[in-house]
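Two complexes are shown next, each including chain A; its partner changes from chain B in the first to chain C in the second.
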Partner chain A sequence: MRLPAFRYLAPKTLAEASRMIADAGPDGMLVSGGTDLFPNMKRLQFDPRILVGLRHLSELLGVSGDPHRGMRIGAATPLHQLGLHPAIRARYPALATAAGSVATPQIRRMGTLGGNLCVDTRCNYYNQSYEWRRAIGFCMKRDGDVCLVAPGSPRCVAVSSSDTAPAMMALQATVVLSGPDGERTLPVAALYHDDGMAYLAKRPEEILTAILLPPVDGLRNTYWKLRRRGSFDFPILGVAASLRLDGDGTCTDARIVLGAVASRPVEAIEAEKLLLGQRLTSDLIEEAAMAAYRPAKPLDNTDLTLAYRKRMARVFVARALRELANLP
Partner chain B sequence: MVPSPTLAVNIAPLRDVHKALIRLRVNGETHEVYVPVHKTLLEVLREDLNLTGTKHGCELGECGTCTVLVDGEPVLSCLALPIELQDRDIVTVEGLAERGVPHPLQVAFAELGAAQCGYCTPGILVAAKSLLDQNPRPTLDEIKEALAGNLCRCTGYIKILEAVELAAQRMTGNWKRETGNWGTGSGA
Partner chain C sequence: MGEEKEEYSIIGRPLIKVDAMAKVTGETKFADDLALPRMLHAKLLRSPHPHARILSIDTGPAEALPGVHAVLTGRALPIKFGILPVSQDEEALATEKVRYVGDPVAAVAAVDEETAEAACRLIRVEYEVLPALMSVGEALAREDVRIHDYGPRGNIHKEVALEFGDVEEGFAQADHVREDVFFYEGSTHLPMEQHAALAAHGPDGKLCLWSSTQTPHYVHRALAKVLELPASHIRVIALPNGGGFGGKSDPFSHEIVVCKLSMLTGRPVKICLTREEVFYAHRGRHPVTLWFKTGVTRGGAITAMHFRSYLDGGAYGSYGVASLYYTGALQTVTYRVPRYKFEGVRVFTNKPPCGPKRGHGTPQPRCALEVHLDKLAEALGLDPSEMRRRHLVQPNSVTVNQLRIGTVGLGECLDRVVERSGWKAKHRKLPFGHGIGVAGSAYISGAGLPIYWNALPHSGVQIKIDRGGGVAVFCGSTDIGQGSDSVLAYVAAEELGIEPEDIRVVTADTDLTPVDLGSYSSRVTLMTGNATIQAARKLKAQLFEAAGEKLGVPFDRLRAAHRRIFDRDNPEAGIGFVEAAVLAEAKFGTLGAVGSYTPPKGLGKYKGAGVGPTPTYSYSAAVVELTVDPETGFITVDKVWLAHDIGKAINPLLVIGQIEGSVYMALGEALMEEQAFRKGVHKIPSMLEYKSPTFLETPQMESILVETLDPAGPYGAKEVGQGVLLPVVPAVLNAIYDAVGVRIDEVPASPEKIVKALEAQRRGRASGNGRLPSVTFPEPTVVQPTGA
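Coming up: the complex of A and B.
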């Protein structure tokens, strides 16, 4: 499969990139690693006439700060570097694990953190060649007007497939978006809509420039990923969890975020409430896992069976919490 | 190729093709090519530079057979744009042999029969070279991890892993096959 033709623009500065993508309007797309965009372009899921390349912009590169003061990660930082970064591995293991489990070693060297946060939603009826999609009558996400997974659905139910997004939500990170009118920051949770088509709150002309991690301040955190193979595959379930425990083991802060169960990462708020103010026991963890499992509503549009993926939400939440509570 | 009438509805009409003069350094040799910017590195290597050792597989980032090294790191040439790689150091499987002498990885793969149809071999060889350049004494798990982005559909991976171990042993000299451990010689 070949890429459809486009013009390639190579801005030298962030300001220039902002102007280029604003001028390009709906014909333009941003590209950094290209590992999500280019396969999608080959399948004509996207057909931009202009690509604005971000990978060489110094404003988007580099990791700074430390876990005591918080860290800033340039959006074009390759995933591979995050998986290996000593401070991130030690203090933000949810992020190191999530970034280190994306796709393959090759793709982690090309793909970037910003790209993984903005990765297109996925669906068995969408991530197919143009000819395959035409043969089945196209879906609403591209070229058609119905949802082929849930034909009565008014909206697209393609699945949020980012590993780093739930991890960043559990770490309470924020993103920096730079647009023609200046910069704004958003909690990572506010970057997403539960809509497989309009899944990003980022405006098309905005560029995600950096991700800010708050000081770690005793936050234990982890990420568990379900997929068919130990490499290559997108998540069909991701569980990111973070906890703060005070001196006697009482939980003072809890985040449980599920990936790949909806069109955006889903925070299991009821489960978090059960943990707050309590000491983590096996029974409490089972109860919280059950509460986290209820909002997980996977649909039959990714790998493996629906019932298994839903059941594993409970199992993985329990495993993640046991890991954080040092229970066997 | 002329788009069929049904395709033309959804595919934009033929566009002016943006071409660029691109300078690529491949296996130590600098080439200048004037190519459409939407041609991938894989296509330029094979079609414009006649370096057909790098293989077309899935072309979607799902198989690893098109792997090449850019500044020593394994990347997928089917998803890389030459215009973004100017003046970077690109190594393909053709660049592994030195003055006609095969790389120890190539010798080990041949000796141990670590290739069946051979289609995945170029990508695996360069991915393994990147590993051994950065980590001359890898554990078996480290080898598996480094090759986790390369599929072989003929057979298992055991001979491939053994060949990388053998090459590492020959290149460093103190790996003990019987124990599966590196010796305690200098630097180990």
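Coming up: the complex of A and C.
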């Protein structure tokens, strides 16, 4: 398979990049590591005429701050750096684990945090070659107008497949978006829509420049990923969880976020409510896991069956919470 | 040829492969690395429908695209072909019908790949869509929708019914009879290298094809037939294959198409399949439903066995008739089976054609049989390793289906894996979630018959020695990574008393090398090894005669080793190899010799008796220890012990390499690989979504070599390329049962199946046997047993 021809623009500054992507209009796309974009271009899922490269913009690089004051991570930071960063590993293990489990070591060296947060939603009717999609009939996400997974669905149900997005939500991180009209910040949760096509709240001409992690302040956190193999695979379920426990073990803060169960990461609010003000016992965790798995509505468009993936949401939430509560 | 010499200087040593340095430095030229001046690039247009009639093809717009040199349809290549003479059902490009999504319909040669691809998208094909038959059940039910117009009826490609001895009488004598149904999912080879081919039709009217093929001789024959050229005007060169595993053993559409395009354009034409196209070329493991009914005595001796197989063949014949026979052939060569009945059927479906994948037709029944035996052992209260051990076939015996057994190392293989794994302390004794399983198996060391009937040798070798002492070995065999080039060098070096690095090996070129039938059926080491010994010994006799004259030492006291020919009784008295070569050339003229090998004839005379015979069977036993997470169904394979009766390890390093590769491949089939379809289309034709194990899923392995020195093999050697895959898959299933107490009677044993079975167990429901397709088998051919 060949990569279609395109024009590559290499801006020197963020301002220049913003101008270039705005000028390119619908023909333009941003590229950082390119580990997802280029294979997708070969399959004609995207056909940009212009790519604006973000990889070498100094405004998008670097990790600063510390867990006491909070940290700022440049969006073009390679994923492997996050997986290895001592402070992130120690205090934001949800992020280190999520970033360290994306794809393969080689891809994590090229792929960036911003790229993983903005990674295209996936569906095994869509992540296929042009000829394959033509054979089965094009879907609404590209070249067609129906959803092949859920034929009655008015919207695309492609799956949010970012590992770092649920982790960042559980860590209550915010993203910095830079556009022609200046900068704005959004909680990571607000970056996503539950729509497989329009899955990002980021405007096309906006550039995700940085991710801000709040001070860790005793927040225990973890990330559990379900996939067939220990490497390569996108998540078919991701569970990011964070808890604060006070002196006697009472839960004062809880976030449980499921990845790869919908077109955006899904926060299990009912389960969180069950935990607040309580001590984490095995029974309570089981109850919370039951509550968390209810909103999970996987569809038949990734690896393994949907019934199995739904069932695993309960198992993985329970395991994540047990880990945070130091239960065996 | 299997006599043991006092001492070998090359055989049995863990030597480097002759092509190792080129491989690890990236210097090896694979087919896609080749380029010729003025070369064009080809692309195939493939069917988007699983089953459709072609009404019209308009190539006009494609031809008009700048950069396009030729557009080809099936009208220019009307002659059908196929690997087996009985299944000549393939077309290079479909003319009337397409039979699976991916079936080639048209081809373009253009200045570059992008232009060829763009031109393919401009070809307009009008189809009349026909019902797609995507399973054995559907294909059997719709006799009115025939995928092919040959075969006994409906969509049955081939049916078999054979009975050896009276099985009912055997069941009547049994203390215990049980039946089991299994399903073994289809899987694909997944070689690292995608198929590629380059053709050049020269101004002299001669055609040359360079291709990543395991079988240049069969490709040569197919080209002569389809292109209507004299075989003598066609040269096929097989490049080193970046993995084959059976997936490059058929003549393929793309090979014929680039030849025709080169003939039309007068330019070299190259094609390299995409990974997705490799999934369509396929010829992989048949999905098979299997049924076993076996009677045993209280002691575990088998009194009778009745076996049925139902093969989902995909859209074309390929090797399918052989695959079908193989599912029923080798049940009898491990444990003694005095009465045996085999009924089988291969059915056409609208999927990429299945064919030979490592173990060809035998992993599916072997898996089912070894799980079936595990259940029988439990019912009888016997240790499953003991039960197998007690009822082995005897060496130098004949089975009930008239297969001749050579040496049998299965008992020692079982003993060794049982001992090394600590089986006795673990089986049924590990904590919940941890389990251990055992299985045995056998495989052929080369098929007894060629693909097409002929009385010619299966393997030919030519050796020449020049006056500088240079030795060149010429052989048609194809190195697909297994080390066949190295084996030629080791054997010739051993016989001539020189080092493998002194030898130039020239292989897989139909113009330059004598025919070897190809790298399939685990035949190459045994057959080319024997042919090389024969050729080399002719030359050695000439060298010895010349050297003996010079040294004044009688012929039978001479030895060749370490680049010298010397007196066995007085090793100081000797001359160098180069000097001996010069003396021999002076005495005899130009030094050259040929050797060839033909396997012994099989004993059986019944129809189907051609599949199963071999010069000697290899034997293997595996113990698998694993951990099951009962909540998620995920399996971690902790360790695999694999003992293999190799006869004689010509190079133990390469034997272990084949064992480890086979264990890895077996675990993929056992745990995750699935050639899955949805809405008529391959569901996951990519290396990301077709799940096969990574390093991280690959367990610790212990390879144990058992040597039984079979007289049929070179220095006593047997095969190792395929047979070692077989026992691993059932050992996994048996270990799962040992770990969590549920039987998964199918592969892959994916996490969801395990969770489901455990759920059924909790609710007190047995996870029931699968259903058999509805087939009425013909009356069996009854064959009177001649075996002991």
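Operating definition for what follows: the second predicted complex is superposed on the first by the 328 of 328 C-alpha atoms of A that agree within 3 Å, B and C clash if a C-alpha of one lies under 4 Å from a C-alpha of the other, contacts with A are read in each partner's own complex, and residues count from 1 in each chain.
Keep this in mind: a contact is a pair of C-beta atoms (placed from the backbone, for glycine too) under 8 Å apart; a residue touches a chain by one contact, two chains touch by 3 or more.
A quick note: this is a predicted structure, and the numbers were derived from the prediction, not measured.
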{"item": "Chain B versus chain C as contact partner of A:Arg109, first or second or both or neither", "value": "first"}
{"item": "Partner chain(s) touched by A:Leu276 [first = chain B, second = chain C, both, neither]", "value": "neither"}
{"item": "Touched partner set for A:Arg134, first chain B, second chain C, both or neither", "value": "both"}
{"item": "First (chain B), second (chain C), both or neither touched by A:Gly230", "value": "both"}
{"item": "First, second, both or neither for A:Tyr308, with chain B first and chain C second", "value": "second"}
{"item": "Which of chain B and chain C A:Asn124 touches, first, second, both or neither", "value": "second"}
{"item": "Chain B versus chain C as contact partner of A:Ala90, first or second or both or neither", "value": "neither"}
{"item": "Contacts of A:Ala198 with chain B and chain C, given as first, second, both or neither", "value": "neither"}
{"item": "Contacts of A:Asp143 with chain B and chain C, given as first, second, both or neither", "value": "first"}
{"item": "More chain A residues in contact [chain B versus chain C]", "value": "B"}
{"item": "Footprint overlap on chain A, comparing chain B with chain C", "value": "1-2, 4, 134, 230-232"}
{"item": "Sites on chain A touched by chain B in the complex", "value": "1-8, 10, 34-35, 38-39, 42-44, 47, 49, 53, 55-56, 80, 103-107, 109-110, 130, 134, 143, 230-232"}
{"item": "Contact set on chain A toward chain C in their complex", "value": "1-2, 4, 124, 127-129, 131-132, 134-136, 148, 226, 228-233, 303-305, 307-308, 311-312, 315"}
{"item": "Residues of chain C that touch chain A when the two form their complex", "value": "46-49, 101, 113-114, 117, 274, 276, 631-633, 672, 679-686, 688-689, 691, 693-697, 750-752, 755"}
{"item": "Contact footprint of chain A on chain B as seen in their complex", "value": "6-7, 10-12, 15, 17-18, 20, 36-40, 43, 59-62, 64, 67, 73-76, 79-81, 83-84, 127, 145-146, 148-149"}
